[in-house]
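Got some structures for you, see below.
In the two complexes below, chain A is the common chain; its partner is chain B in one and chain C in the other.
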Partner chain A sequence: MNKKEVFKLAKGFRGRAKNCIRIARERVEKALQYSYRDRRNKKRDMRSLWIERINAGTRVHGVNYGNFMHGLVKENIQLNRKVLSELSMHEPYSFKALVDVSRTAFPGNKNMTSAPKKEGLAILV
Partner chain B sequence: MAMATATSSSAMMTHLTTCLQFSSGSQQCLRSIASERADVWNKTWYPKAEDHVNTEKTWYVVDAADKILGRLASTIAIHIRGKNLATYTPSVDMGAFVIVVNAEKVAVSGKKRTQKLYRRHSGRPGGMKVETFDQLQQRIPERIVEHAVRGMLPKGRLGRDLFTHLKVYTGPDHPHQAQKPIDLPIRDKRITKQT
Partner chain C sequence: MFRMEECPDQKPKIYDRSSKIITDFFCFEREADFFVFSEATNHSSTSSNLQMSQRGVWQLQKLIVSYCNWGGSSRGVRAFMESQLSSFKETNPQLEVVTELNRGQHPYLKGLYKNKNEQVVSVMNMTPEDVMLCATRLRNSLGRKVVKLKTRHVTKHPSVQGTWTTNIQI
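Entry: the complex of A and B
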(Lines of atoms letter the chains of each structure in order from A and count residues from 1; the text may use other names and numbers.)
(Lines give C-alpha, C1' and ligand atoms only; values in the text may rest on other atoms or scores of the structure.)
Protein backbone atom coordinates (compact mmCIF):
# COMPACT_ATOMS: atom_id res chain seq x y z
CA MET A 1 0.00 0.00 0.00
CA ASN A 2 1.28 3.46 -0.65
CA LYS A 3 1.34 6.13 1.97
CA LYS A 4 -1.85 7.82 0.87
CA GLU A 5 -3.85 4.65 1.33
CA VAL A 6 -2.27 4.01 4.70
CA PHE A 7 -3.16 7.47 5.97
CA LYS A 8 -6.67 7.12 4.68
CA LEU A 9 -7.10 3.99 6.76
CA ALA A 10 -5.40 5.57 9.78
CA LYS A 11 -8.04 8.25 10.27
CA GLY A 12 -9.10 8.57 13.89
CA PHE A 13 -6.06 6.81 15.32
CA ARG A 14 -4.44 8.08 18.46
CA GLY A 15 -1.35 10.28 18.53
CA ARG A 16 1.36 9.80 15.95
CA ALA A 17 -0.32 6.76 14.49
CA LYS A 18 -2.47 8.94 12.30
CA ASN A 19 0.27 11.30 11.16
CA CYS A 20 3.64 9.53 10.92
CA ILE A 21 3.97 6.87 8.25
CA ARG A 22 6.19 4.45 10.11
CA ILE A 23 3.87 4.23 13.06
CA ALA A 24 0.73 4.50 10.98
CA ARG A 25 1.74 1.61 8.78
CA GLU A 26 2.17 -0.68 11.81
CA ARG A 27 -1.08 0.38 13.37
CA VAL A 28 -2.99 0.04 10.13
CA GLU A 29 -1.64 -3.46 9.60
CA LYS A 30 -2.76 -4.35 13.11
CA ALA A 31 -6.13 -2.77 12.56
CA LEU A 32 -6.69 -4.83 9.44
CA GLN A 33 -5.71 -7.98 11.31
CA TYR A 34 -8.15 -7.14 14.06
CA SER A 35 -10.93 -6.48 11.61
CA TYR A 36 -10.27 -9.84 9.91
CA ARG A 37 -10.44 -11.62 13.26
CA ASP A 38 -13.45 -9.65 14.45
CA ARG A 39 -15.56 -10.33 11.37
CA ARG A 40 -15.52 -13.89 12.65
CA ASN A 41 -15.86 -12.92 16.33
CA LYS A 42 -18.83 -10.69 15.61
CA LYS A 43 -20.95 -13.68 14.68
CA ARG A 44 -20.11 -15.32 18.01
CA ASP A 45 -20.68 -12.15 20.02
CA MET A 46 -24.05 -11.48 18.43
CA ARG A 47 -25.26 -14.98 19.14
CA SER A 48 -24.17 -14.71 22.74
CA LEU A 49 -26.01 -11.38 23.06
CA TRP A 50 -29.19 -12.95 21.63
CA ILE A 51 -28.92 -15.79 24.11
CA GLU A 52 -28.51 -13.38 27.04
CA ARG A 53 -31.57 -11.43 25.93
CA ILE A 54 -33.67 -14.55 25.46
CA ASN A 55 -32.57 -15.77 28.89
CA ALA A 56 -33.69 -12.54 30.51
CA GLY A 57 -36.96 -12.62 28.60
CA THR A 58 -37.81 -16.17 29.56
CA ARG A 59 -36.83 -15.78 33.21
CA VAL A 60 -39.49 -13.13 33.52
CA HIS A 61 -41.92 -15.97 32.86
CA GLY A 62 -40.18 -18.39 35.21
CA VAL A 63 -38.36 -20.51 32.63
CA ASN A 64 -34.65 -20.48 32.02
CA TYR A 65 -32.97 -20.40 28.63
CA GLY A 66 -31.89 -24.04 28.57
CA ASN A 67 -35.30 -25.48 29.33
CA PHE A 68 -36.91 -23.01 26.94
CA MET A 69 -34.74 -24.02 23.99
CA HIS A 70 -35.19 -27.69 24.81
CA GLY A 71 -38.94 -27.24 24.74
CA LEU A 72 -38.76 -25.46 21.39
CA VAL A 73 -36.59 -28.20 19.94
CA LYS A 74 -39.07 -30.81 21.13
CA GLU A 75 -41.88 -28.94 19.39
CA ASN A 76 -39.75 -28.53 16.26
CA ILE A 77 -39.99 -24.73 16.35
CA GLN A 78 -37.05 -23.65 14.27
CA LEU A 79 -36.96 -19.95 15.10
CA ASN A 80 -33.39 -18.83 15.43
CA ARG A 81 -31.99 -16.96 18.39
CA LYS A 82 -31.85 -13.64 16.58
CA VAL A 83 -35.58 -13.66 15.94
CA LEU A 84 -36.34 -15.00 19.41
CA SER A 85 -34.43 -12.17 21.05
CA GLU A 86 -36.23 -9.58 18.93
CA LEU A 87 -39.54 -11.21 19.82
CA SER A 88 -38.72 -11.09 23.50
CA MET A 89 -38.04 -7.36 23.28
CA HIS A 90 -40.68 -6.14 20.83
CA GLU A 91 -43.52 -8.70 20.86
CA PRO A 92 -43.97 -9.68 24.50
CA TYR A 93 -47.34 -11.38 24.07
CA SER A 94 -46.13 -13.57 21.22
CA PHE A 95 -43.03 -14.38 23.21
CA LYS A 96 -45.12 -15.41 26.19
CA ALA A 97 -47.07 -17.72 23.91
CA LEU A 98 -43.81 -19.30 22.82
CA VAL A 99 -42.69 -19.72 26.43
CA ASP A 100 -45.99 -21.43 27.22
CA VAL A 101 -45.59 -23.75 24.25
CA SER A 102 -42.10 -24.61 25.42
CA ARG A 103 -43.24 -25.12 28.99
CA THR A 104 -45.96 -27.58 28.02
CA ALA A 105 -43.49 -29.46 25.84
CA PHE A 106 -40.79 -29.58 28.52
CA PRO A 107 -41.80 -28.59 32.05
CA GLY A 108 -38.23 -28.93 33.32
CA ASN A 109 -37.52 -27.99 36.91
CA LYS A 110 -40.81 -26.97 38.46
CA ASN A 111 -39.39 -24.29 40.75
CA MET A 112 -36.41 -22.67 39.13
CA THR A 113 -35.37 -20.67 42.16
CA SER A 114 -36.13 -23.04 44.99
CA ALA A 115 -33.25 -24.45 46.98
CA PRO A 116 -32.76 -27.98 48.24
CA LYS A 117 -33.93 -28.38 51.80
CA LYS A 118 -31.09 -28.38 54.27
CA GLU A 119 -31.01 -31.49 56.37
CA GLY A 120 -29.45 -32.45 59.67
CA LEU A 121 -26.78 -30.19 61.08
CA ALA A 122 -26.87 -27.90 58.04
CA ILE A 123 -30.07 -26.39 59.39
CA LEU A 124 -28.08 -24.73 62.13
CA VAL A 125 -25.87 -22.78 59.71
CA MET B 1 -48.32 -27.56 16.85
CA ALA B 2 -49.67 -24.20 15.82
CA MET B 3 -47.99 -21.24 17.42
CA ALA B 4 -48.77 -17.56 17.39
CA THR B 5 -46.81 -16.12 14.49
CA ALA B 6 -45.32 -12.76 15.20
CA THR B 7 -47.18 -10.03 13.40
CA SER B 8 -45.18 -8.51 10.64
CA SER B 9 -47.21 -5.33 10.48
CA SER B 10 -45.30 -2.11 10.81
CA ALA B 11 -43.04 -1.99 13.82
CA MET B 12 -44.63 1.18 15.14
CA MET B 13 -48.19 -0.15 15.42
CA THR B 14 -47.30 -3.36 17.20
CA HIS B 15 -44.87 -1.56 19.45
CA LEU B 16 -47.42 0.94 20.64
CA THR B 17 -50.14 -1.60 21.33
CA THR B 18 -47.90 -3.83 23.40
CA CYS B 19 -45.79 -1.15 25.03
CA LEU B 20 -48.47 0.49 27.13
CA GLN B 21 -50.30 -2.64 28.19
CA PHE B 22 -47.64 -5.15 28.98
CA SER B 23 -46.55 -4.54 32.53
CA SER B 24 -44.56 -7.50 33.73
CA GLY B 25 -41.37 -6.69 35.57
CA SER B 26 -39.99 -3.53 34.12
CA GLN B 27 -40.66 -3.76 30.41
CA GLN B 28 -39.41 -0.51 28.99
CA CYS B 29 -40.95 1.49 26.23
CA LEU B 30 -38.66 1.14 23.24
CA ARG B 31 -38.81 4.57 21.72
CA SER B 32 -36.15 3.94 19.16
CA ILE B 33 -38.22 1.53 17.05
CA ALA B 34 -41.23 3.79 16.84
CA SER B 35 -40.13 5.12 13.47
CA GLU B 36 -41.48 3.48 10.32
CA ARG B 37 -38.04 2.86 8.86
CA ALA B 38 -36.77 0.55 11.64
CA ASP B 39 -35.85 -2.91 10.29
CA VAL B 40 -36.74 -4.78 13.43
CA TRP B 41 -36.32 -8.35 12.23
CA ASN B 42 -33.02 -8.18 10.37
CA LYS B 43 -30.96 -5.85 12.52
CA THR B 44 -30.33 -6.70 16.16
CA TRP B 45 -31.76 -3.93 18.27
CA TYR B 46 -29.30 -1.58 19.89
CA PRO B 47 -30.55 1.06 22.31
CA LYS B 48 -30.59 4.69 21.26
CA ALA B 49 -30.08 7.53 23.70
CA GLU B 50 -33.80 7.86 24.42
CA ASP B 51 -33.99 4.23 25.52
CA HIS B 52 -31.77 4.64 28.55
CA VAL B 53 -32.50 8.07 29.97
CA ASN B 54 -31.58 8.11 33.63
CA THR B 55 -34.65 10.10 34.60
CA GLU B 56 -36.99 7.38 33.36
CA LYS B 57 -35.34 4.39 34.95
CA THR B 58 -37.02 2.31 37.61
CA TRP B 59 -36.02 2.81 41.20
CA TYR B 60 -36.08 -0.16 43.56
CA VAL B 61 -35.82 -0.20 47.34
CA VAL B 62 -34.77 -3.21 49.38
CA ASP B 63 -34.53 -3.71 53.13
CA ALA B 64 -31.25 -5.40 53.98
CA ALA B 65 -32.21 -6.40 57.51
CA ASP B 66 -31.55 -10.12 58.07
CA LYS B 67 -30.73 -10.78 54.44
CA ILE B 68 -27.70 -12.86 53.56
CA LEU B 69 -25.06 -10.47 52.23
CA GLY B 70 -23.91 -12.27 49.10
CA ARG B 71 -27.34 -13.32 47.92
CA LEU B 72 -28.65 -9.80 48.39
CA ALA B 73 -25.68 -8.29 46.58
CA SER B 74 -26.17 -10.71 43.69
CA THR B 75 -29.81 -9.74 43.19
CA ILE B 76 -28.96 -6.06 43.44
CA ALA B 77 -26.15 -6.35 40.92
CA ILE B 78 -28.41 -8.13 38.44
CA HIS B 79 -30.96 -5.33 38.60
CA ILE B 80 -28.39 -2.56 38.42
CA ARG B 81 -26.76 -4.10 35.39
CA GLY B 82 -30.06 -4.76 33.67
CA LYS B 83 -29.55 -8.47 33.15
CA ASN B 84 -33.15 -9.17 34.14
CA LEU B 85 -34.43 -7.20 31.14
CA ALA B 86 -34.88 -8.56 27.64
CA THR B 87 -33.38 -5.29 26.38
CA TYR B 88 -30.07 -6.04 28.10
CA THR B 89 -27.06 -4.63 26.27
CA PRO B 90 -23.57 -5.14 27.71
CA SER B 91 -22.18 -1.82 26.52
CA VAL B 92 -25.07 0.37 27.64
CA ASP B 93 -26.48 1.13 31.07
CA MET B 94 -30.01 -0.26 30.81
CA GLY B 95 -30.35 -1.15 34.47
CA ALA B 96 -32.29 0.36 37.33
CA PHE B 97 -31.41 2.26 40.47
CA VAL B 98 -31.42 0.36 43.77
CA ILE B 99 -31.75 1.82 47.25
CA VAL B 100 -30.67 -0.31 50.20
CA VAL B 101 -31.94 0.59 53.68
CA ASN B 102 -31.06 -0.89 57.06
CA ALA B 103 -27.64 -1.75 55.71
CA GLU B 104 -26.19 -2.15 59.18
CA LYS B 105 -28.48 -5.14 59.79
CA VAL B 106 -27.27 -7.23 56.86
CA ALA B 107 -26.54 -10.81 57.93
CA VAL B 108 -23.89 -13.39 57.18
CA SER B 109 -23.97 -17.09 57.97
CA GLY B 110 -21.51 -19.17 59.91
CA LYS B 111 -18.64 -17.48 61.69
CA LYS B 112 -18.17 -14.80 59.03
CA ARG B 113 -19.19 -12.08 61.39
CA THR B 114 -15.88 -12.47 63.25
CA GLN B 115 -13.82 -14.25 60.62
CA LYS B 116 -14.50 -12.52 57.29
CA LEU B 117 -11.69 -10.08 56.57
CA TYR B 118 -11.84 -6.87 54.61
CA ARG B 119 -8.45 -5.84 53.33
CA ARG B 120 -7.22 -2.62 51.79
CA HIS B 121 -3.77 -1.40 50.88
CA SER B 122 -2.57 2.15 50.98
CA GLY B 123 0.01 1.60 48.24
CA ARG B 124 3.04 2.01 50.51
CA PRO B 125 5.11 -0.98 51.68
CA GLY B 126 3.64 -2.51 54.80
CA GLY B 127 0.46 -0.58 54.21
CA MET B 128 -2.03 -3.42 54.30
CA LYS B 129 -4.94 -2.76 56.64
CA VAL B 130 -7.13 -5.66 57.66
CA GLU B 131 -10.36 -5.57 59.60
CA THR B 132 -13.09 -8.05 60.32
CA PHE B 133 -16.71 -7.86 59.23
CA ASP B 134 -17.72 -6.87 62.74
CA GLN B 135 -15.22 -4.04 63.01
CA LEU B 136 -16.18 -2.64 59.61
CA GLN B 137 -19.83 -2.82 60.52
CA GLN B 138 -19.15 -0.69 63.63
CA ARG B 139 -17.11 1.80 61.61
CA ILE B 140 -18.82 2.23 58.22
CA PRO B 141 -21.74 -0.19 57.76
CA GLU B 142 -22.63 1.01 54.26
CA ARG B 143 -19.26 -0.09 52.97
CA ILE B 144 -20.06 -3.76 53.52
CA VAL B 145 -22.96 -3.80 51.07
CA GLU B 146 -21.13 -1.48 48.67
CA HIS B 147 -18.03 -3.70 48.66
CA ALA B 148 -20.14 -6.76 47.99
CA VAL B 149 -22.08 -5.21 45.12
CA ARG B 150 -19.02 -3.58 43.58
CA GLY B 151 -17.36 -6.97 43.38
CA MET B 152 -20.32 -8.26 41.38
CA LEU B 153 -20.55 -5.42 38.89
CA PRO B 154 -18.30 -5.29 35.82
CA LYS B 155 -14.95 -3.59 36.33
CA GLY B 156 -14.40 -0.76 33.92
CA ARG B 157 -15.83 2.61 32.99
CA LEU B 158 -19.37 1.32 32.66
CA GLY B 159 -19.06 -0.69 35.88
CA ARG B 160 -18.00 2.38 37.80
CA ASP B 161 -20.97 4.28 36.43
CA LEU B 162 -23.29 1.44 37.36
CA PHE B 163 -21.96 1.51 40.90
CA THR B 164 -23.19 5.08 41.28
CA HIS B 165 -26.71 3.75 40.78
CA LEU B 166 -26.52 1.92 44.09
CA LYS B 167 -27.60 3.97 47.11
CA VAL B 168 -26.96 2.44 50.53
CA TYR B 169 -28.27 3.86 53.78
CA THR B 170 -28.13 2.80 57.40
CA GLY B 171 -31.45 3.08 59.17
CA PRO B 172 -34.88 2.72 57.59
CA ASP B 173 -35.11 6.06 55.77
CA HIS B 174 -33.83 7.23 52.46
CA PRO B 175 -34.00 10.63 50.74
CA HIS B 176 -35.36 9.32 47.43
CA GLN B 177 -39.09 9.38 48.10
CA ALA B 178 -39.57 11.61 45.06
CA GLN B 179 -38.42 8.80 42.79
CA LYS B 180 -41.23 6.57 44.14
CA PRO B 181 -39.14 3.43 44.48
CA ILE B 182 -40.86 0.05 44.31
CA ASP B 183 -39.91 -3.07 46.21
CA LEU B 184 -37.09 -5.06 44.67
CA PRO B 185 -38.52 -8.40 43.48
CA ILE B 186 -36.40 -11.12 45.06
CA ARG B 187 -36.59 -14.61 43.60
CA ASP B 188 -33.95 -16.21 45.81
CA LYS B 189 -35.65 -18.27 48.47
CA ARG B 190 -32.59 -18.58 50.70
CA ILE B 191 -31.91 -14.88 50.99
CA THR B 192 -33.41 -14.42 54.46
CA LYS B 193 -31.30 -15.63 57.32
CA GLN B 194 -32.65 -18.89 58.74
CA THR B 195 -32.78 -18.52 62.49
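Entry: the complex of A and C
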Protein backbone atom coordinates (compact mmCIF):
# COMPACT_ATOMS: atom_id res chain seq x y z
CA MET A 1 0.00 0.00 0.00
CA ASN A 2 3.01 2.19 0.17
CA LYS A 3 2.91 2.29 -3.63
CA LYS A 4 -0.56 3.77 -3.51
CA GLU A 5 0.59 6.48 -1.16
CA VAL A 6 3.60 7.21 -3.32
CA PHE A 7 1.48 7.60 -6.39
CA LYS A 8 -0.90 9.84 -4.55
CA LEU A 9 1.97 12.13 -3.69
CA ALA A 10 3.34 11.92 -7.22
CA LYS A 11 0.32 13.55 -8.82
CA GLY A 12 1.27 16.18 -11.35
CA PHE A 13 4.85 15.02 -11.78
CA ARG A 14 6.47 15.04 -15.14
CA GLY A 15 6.71 12.00 -17.40
CA ARG A 16 7.34 8.59 -15.90
CA ALA A 17 7.72 9.96 -12.39
CA LYS A 18 3.98 9.89 -11.90
CA ASN A 19 3.37 6.42 -13.34
CA CYS A 20 6.36 4.16 -12.74
CA ILE A 21 6.95 3.24 -9.12
CA ARG A 22 10.74 3.13 -9.11
CA ILE A 23 11.07 6.57 -10.58
CA ALA A 24 8.11 7.93 -8.68
CA ARG A 25 9.52 6.76 -5.37
CA GLU A 26 12.74 8.70 -5.96
CA ARG A 27 11.01 11.83 -7.09
CA VAL A 28 8.54 11.73 -4.23
CA GLU A 29 11.35 11.37 -1.71
CA LYS A 30 13.04 14.35 -3.28
CA ALA A 31 9.81 16.30 -3.32
CA LEU A 32 9.33 15.69 0.38
CA GLN A 33 12.88 16.80 1.08
CA TYR A 34 12.31 19.95 -0.93
CA SER A 35 9.07 20.68 0.90
CA TYR A 36 10.86 20.28 4.26
CA ARG A 37 13.56 22.68 3.19
CA ASP A 38 11.16 25.11 1.61
CA ARG A 39 8.92 25.40 4.63
CA ARG A 40 11.91 27.09 6.21
CA ASN A 41 12.86 28.99 3.05
CA LYS A 42 9.35 30.34 2.61
CA LYS A 43 9.67 32.43 5.72
CA ARG A 44 12.90 33.93 4.41
CA ASP A 45 11.47 34.51 0.96
CA MET A 46 8.37 36.23 2.25
CA ARG A 47 10.43 38.56 4.40
CA SER A 48 12.65 39.54 1.51
CA LEU A 49 9.57 40.13 -0.61
CA TRP A 50 8.15 42.43 2.02
CA ILE A 51 11.42 44.31 2.25
CA GLU A 52 11.49 44.75 -1.53
CA ARG A 53 8.01 46.16 -1.47
CA ILE A 54 8.72 48.53 1.39
CA ASN A 55 11.85 49.70 -0.37
CA ALA A 56 9.91 50.44 -3.52
CA GLY A 57 7.24 52.24 -1.57
CA THR A 58 9.62 54.44 0.34
CA ARG A 59 11.79 55.32 -2.64
CA VAL A 60 8.76 56.89 -4.25
CA HIS A 61 8.93 59.41 -1.41
CA GLY A 62 12.68 59.83 -1.58
CA VAL A 63 13.71 57.65 1.34
CA ASN A 64 15.42 54.32 1.10
CA TYR A 65 14.56 51.22 3.07
CA GLY A 66 17.46 51.32 5.47
CA ASN A 67 16.94 54.90 6.59
CA PHE A 68 13.19 54.36 6.75
CA MET A 69 13.50 51.41 9.10
CA HIS A 70 16.06 53.23 11.20
CA GLY A 71 13.68 56.14 11.55
CA LEU A 72 10.87 53.83 12.61
CA VAL A 73 13.08 52.19 15.18
CA LYS A 74 14.00 55.59 16.58
CA GLU A 75 10.34 56.49 16.92
CA ASN A 76 9.58 53.12 18.49
CA ILE A 77 7.07 52.16 15.81
CA GLN A 78 6.93 48.45 16.05
CA LEU A 79 5.14 47.65 12.84
CA ASN A 80 6.58 44.62 11.17
CA ARG A 81 7.65 44.30 7.58
CA LYS A 82 4.61 42.28 6.61
CA VAL A 83 2.22 44.97 7.70
CA LEU A 84 4.37 47.74 6.26
CA SER A 85 4.39 46.04 2.87
CA GLU A 86 0.61 45.74 2.96
CA LEU A 87 0.35 49.41 3.81
CA SER A 88 2.68 50.42 1.04
CA MET A 89 0.54 48.51 -1.43
CA HIS A 90 -2.96 49.29 -0.31
CA GLU A 91 -2.87 52.39 1.92
CA PRO A 92 -0.59 54.87 0.18
CA TYR A 93 -1.56 57.89 2.25
CA SER A 94 -1.00 56.15 5.56
CA PHE A 95 2.30 54.91 4.25
CA LYS A 96 3.34 58.41 3.25
CA ALA A 97 2.54 59.55 6.76
CA LEU A 98 4.80 56.81 8.10
CA VAL A 99 7.58 57.83 5.73
CA ASP A 100 7.27 61.43 6.90
CA VAL A 101 7.46 60.36 10.52
CA SER A 102 10.57 58.36 9.77
CA ARG A 103 12.13 61.23 7.86
CA THR A 104 11.65 63.67 10.74
CA ALA A 105 13.16 61.16 13.11
CA PHE A 106 16.12 60.32 10.93
CA PRO A 107 16.72 62.55 7.90
CA GLY A 108 19.25 60.25 6.31
CA ASN A 109 18.70 60.82 2.63
CA LYS A 110 19.95 64.12 1.33
CA ASN A 111 19.95 63.42 -2.38
CA MET A 112 17.64 60.69 -3.56
CA THR A 113 17.32 60.88 -7.29
CA SER A 114 13.98 59.49 -8.44
CA ALA A 115 13.35 58.02 -11.86
CA PRO A 116 13.51 60.58 -14.67
CA LYS A 117 10.19 62.11 -15.54
CA LYS A 118 8.58 60.71 -18.66
CA GLU A 119 7.47 63.23 -21.21
CA GLY A 120 5.16 63.01 -24.17
CA LEU A 121 4.45 59.61 -25.59
CA ALA A 122 6.80 57.94 -23.13
CA ILE A 123 4.09 58.31 -20.46
CA LEU A 124 2.13 55.57 -22.19
CA VAL A 125 4.97 53.10 -21.97
CA MET B 1 -3.48 41.16 7.78
CA PHE B 2 -7.21 41.01 8.38
CA ARG B 3 -9.59 43.85 8.93
CA MET B 4 -11.26 44.04 12.28
CA GLU B 5 -14.68 45.32 13.08
CA GLU B 6 -14.52 48.89 14.14
CA CYS B 7 -15.06 49.22 17.87
CA PRO B 8 -16.15 52.80 18.38
CA ASP B 9 -14.88 52.95 21.93
CA GLN B 10 -11.58 51.29 21.22
CA LYS B 11 -9.79 53.05 18.43
CA PRO B 12 -6.52 51.24 17.82
CA LYS B 13 -3.57 53.32 19.05
CA ILE B 14 -0.52 52.65 17.00
CA TYR B 15 1.92 54.43 19.20
CA ASP B 16 1.63 56.66 22.14
CA ARG B 17 4.07 59.51 22.47
CA SER B 18 3.54 61.81 25.41
CA SER B 19 1.24 64.33 23.76
CA LYS B 20 0.78 62.76 20.37
CA ILE B 21 -1.58 59.84 20.05
CA ILE B 22 -2.11 58.88 16.50
CA THR B 23 -5.42 57.16 15.98
CA ASP B 24 -7.04 56.46 12.67
CA PHE B 25 -3.65 55.38 11.53
CA PHE B 26 -5.18 52.33 9.98
CA CYS B 27 -8.53 53.00 8.48
CA PHE B 28 -10.36 49.94 9.69
CA GLU B 29 -13.23 49.05 7.54
CA ARG B 30 -16.36 47.48 8.87
CA GLU B 31 -15.73 43.98 7.68
CA ALA B 32 -18.86 42.38 6.44
CA ASP B 33 -18.43 38.81 7.52
CA PHE B 34 -18.26 37.72 11.09
CA PHE B 35 -17.29 34.50 9.42
CA VAL B 36 -14.17 36.05 7.97
CA PHE B 37 -13.09 37.46 11.32
CA SER B 38 -13.47 34.18 13.10
CA GLU B 39 -11.95 32.32 10.18
CA ALA B 40 -8.85 34.44 10.49
CA THR B 41 -8.64 33.95 14.22
CA ASN B 42 -9.36 30.28 14.04
CA HIS B 43 -6.55 29.77 11.55
CA SER B 44 -8.68 27.46 9.48
CA SER B 45 -6.11 26.82 6.84
CA THR B 46 -7.22 23.22 6.82
CA SER B 47 -10.51 22.49 5.25
CA SER B 48 -12.67 22.81 8.34
CA ASN B 49 -15.49 25.20 7.63
CA LEU B 50 -17.22 24.81 10.97
CA GLN B 51 -18.86 28.14 11.52
CA MET B 52 -22.21 29.10 12.85
CA SER B 53 -24.78 31.25 11.20
CA GLN B 54 -23.90 34.24 9.11
CA ARG B 55 -24.93 37.45 10.83
CA GLY B 56 -27.50 35.60 12.90
CA VAL B 57 -29.05 33.68 10.04
CA TRP B 58 -28.70 29.91 9.85
CA GLN B 59 -27.35 28.90 6.51
CA LEU B 60 -28.69 25.37 6.32
CA GLN B 61 -32.17 25.36 4.87
CA LYS B 62 -32.98 21.71 4.41
CA LEU B 63 -31.60 18.44 5.67
CA ILE B 64 -32.43 15.25 3.85
CA VAL B 65 -31.85 12.01 5.72
CA SER B 66 -31.71 9.27 3.16
CA TYR B 67 -31.78 5.71 4.47
CA CYS B 68 -32.67 2.14 3.58
CA ASN B 69 -35.07 0.12 5.68
CA TRP B 70 -33.43 -3.20 4.84
CA GLY B 71 -29.69 -2.63 4.62
CA GLY B 72 -27.27 -3.09 7.51
CA SER B 73 -25.34 0.08 6.78
CA SER B 74 -28.46 2.08 7.61
CA ARG B 75 -28.82 0.59 11.08
CA GLY B 76 -27.27 3.59 12.73
CA VAL B 77 -29.38 6.05 10.80
CA ARG B 78 -32.54 4.17 11.59
CA ALA B 79 -31.69 4.19 15.28
CA PHE B 80 -30.89 7.90 15.01
CA MET B 81 -34.22 8.53 13.37
CA GLU B 82 -36.10 6.74 16.11
CA SER B 83 -34.26 8.28 19.03
CA GLN B 84 -32.62 11.61 18.28
CA LEU B 85 -34.17 13.01 15.12
CA SER B 86 -37.25 14.43 16.80
CA SER B 87 -35.18 16.26 19.40
CA PHE B 88 -32.93 17.56 16.62
CA LYS B 89 -36.01 18.86 14.82
CA GLU B 90 -37.23 20.60 17.94
CA THR B 91 -33.91 22.27 18.66
CA ASN B 92 -33.79 23.53 15.07
CA PRO B 93 -37.23 24.84 14.14
CA GLN B 94 -35.79 26.88 11.28
CA LEU B 95 -34.55 23.75 9.60
CA GLU B 96 -36.64 21.63 7.29
CA VAL B 97 -35.75 17.99 7.97
CA VAL B 98 -36.96 15.34 5.52
CA THR B 99 -36.49 11.59 5.69
CA GLU B 100 -36.24 9.80 2.43
CA LEU B 101 -36.43 6.07 1.85
CA ASN B 102 -33.79 4.95 -0.62
CA ARG B 103 -33.86 1.19 -0.77
CA GLY B 104 -30.75 -0.69 -1.68
CA GLN B 105 -28.48 2.31 -1.28
CA HIS B 106 -26.19 3.36 1.52
CA PRO B 107 -27.48 6.11 3.77
CA TYR B 108 -26.42 9.72 3.56
CA LEU B 109 -27.25 13.15 4.93
CA LYS B 110 -27.72 15.86 2.38
CA GLY B 111 -27.69 19.49 3.41
CA LEU B 112 -29.03 22.26 1.19
CA TYR B 113 -27.71 25.71 1.96
CA LYS B 114 -28.76 29.24 1.28
CA ASN B 115 -25.98 29.75 -1.24
CA LYS B 116 -27.55 26.94 -3.26
CA ASN B 117 -24.79 24.56 -2.36
CA GLU B 118 -25.43 21.01 -1.29
CA GLN B 119 -23.21 19.04 1.01
CA VAL B 120 -23.59 15.27 1.02
CA VAL B 121 -22.17 13.26 3.89
CA SER B 122 -22.27 9.48 3.87
CA VAL B 123 -23.38 8.01 7.21
CA MET B 124 -22.85 4.41 6.22
CA ASN B 125 -22.16 2.11 9.21
CA MET B 126 -22.15 4.94 11.70
CA THR B 127 -23.53 4.85 15.23
CA PRO B 128 -26.53 7.09 16.00
CA GLU B 129 -24.29 9.41 18.02
CA ASP B 130 -21.98 9.84 15.06
CA VAL B 131 -24.95 10.55 12.82
CA MET B 132 -26.06 13.20 15.29
CA LEU B 133 -22.58 14.69 15.14
CA CYS B 134 -22.70 14.79 11.35
CA ALA B 135 -26.11 16.40 11.34
CA THR B 136 -24.94 19.02 13.83
CA ARG B 137 -21.88 19.76 11.74
CA LEU B 138 -24.00 20.29 8.65
CA ARG B 139 -26.32 22.55 10.54
CA ASN B 140 -23.44 24.61 11.87
CA SER B 141 -21.56 25.14 8.68
CA LEU B 142 -21.96 27.71 5.97
CA GLY B 143 -22.44 26.24 2.56
CA ARG B 144 -18.89 26.97 1.50
CA LYS B 145 -16.96 24.40 -0.44
CA VAL B 146 -14.48 22.54 1.72
CA VAL B 147 -11.30 23.95 0.27
CA LYS B 148 -7.99 24.90 1.78
CA LEU B 149 -7.54 28.65 1.94
CA LYS B 150 -4.87 30.11 -0.24
CA THR B 151 -4.23 33.18 1.85
CA ARG B 152 -4.82 33.86 5.48
CA HIS B 153 -6.67 37.05 4.84
CA VAL B 154 -9.97 36.61 3.07
CA THR B 155 -11.37 39.93 2.07
CA LYS B 156 -13.37 41.53 -0.69
CA HIS B 157 -12.08 45.00 0.12
CA PRO B 158 -8.32 44.85 0.55
CA SER B 159 -7.86 48.58 0.39
CA VAL B 160 -9.55 51.51 2.05
CA GLN B 161 -7.49 54.35 0.64
CA GLY B 162 -7.18 52.85 -2.81
CA THR B 163 -4.49 50.45 -3.98
CA TRP B 164 -1.34 52.09 -5.23
CA THR B 165 -1.01 52.60 -8.97
CA THR B 166 1.60 54.45 -10.96
CA ASN B 167 -0.86 57.25 -11.59
CA ILE B 168 -1.58 58.45 -8.09
CA GLN B 169 0.01 61.67 -6.93
CA ILE B 170 0.51 62.12 -3.23
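Rule of thumb we're sticking to: the second predicted complex is superposed on the first by the 111 of 125 C-alpha atoms of A that agree within 3 Å, B and C clash if a C-alpha of one lies under 4 Å from a C-alpha of the other, contacts with A are read in each partner's own complex, and residues count from 1 in each chain.
Throughout what follows, a contact is a pair of C-beta atoms (placed from the backbone, for glycine too) under 8 Å apart; a residue touches a chain by one contact, two chains touch by 3 or more.
Keep in mind that what you see is a predicted model, and the values were worked out from it rather than measured.
Within the superposed three-chain model, A:M46 lies in touch with chain B and out of touch with chain C [touch as defined at top]. Between chain B and chain C, B contacts the larger number of chain A residues.
Of the two partner chains, both chain B and chain C are touched by A:E91. Touch criterion met: A:R59 reaches chain B, while chain C stays clear of it. When both complexes are overlaid on chain A, the residue A:N2 reaches neither chain B nor chain C. Look at A:I77: by the touch rule set out above, it reaches both chain B and chain C. In the superposition on chain A, the residues of chain A contacted by chain B and by chain C overlap at 57, 61, 75, 77, 82-83, 86, 88-94, 97.
Residue ranges on chain A touching chain C, taken from their complex, read 57, 61, 75-79, 82-83, 86, 88-94, 96-97. Listing the residues of chain A that touch chain B in their complex gives 46, 49-50, 52-54, 56-57, 59-61, 75, 77, 82-83, 85-95, 97-98, 101, 112-115, 118, 123, 125. Put simply, chain C touches chain A in their complex at residues 1, 14-15, 17, 25-27, 158-164, 168, 170.
Chain B contributes residues 1, 3-7, 11, 14-15, 18, 22, 24-25, 27, 30, 33, 40-41, 44-45, 83-90, 109-110, 187-190, 194 to its touches with chain A in the complex.
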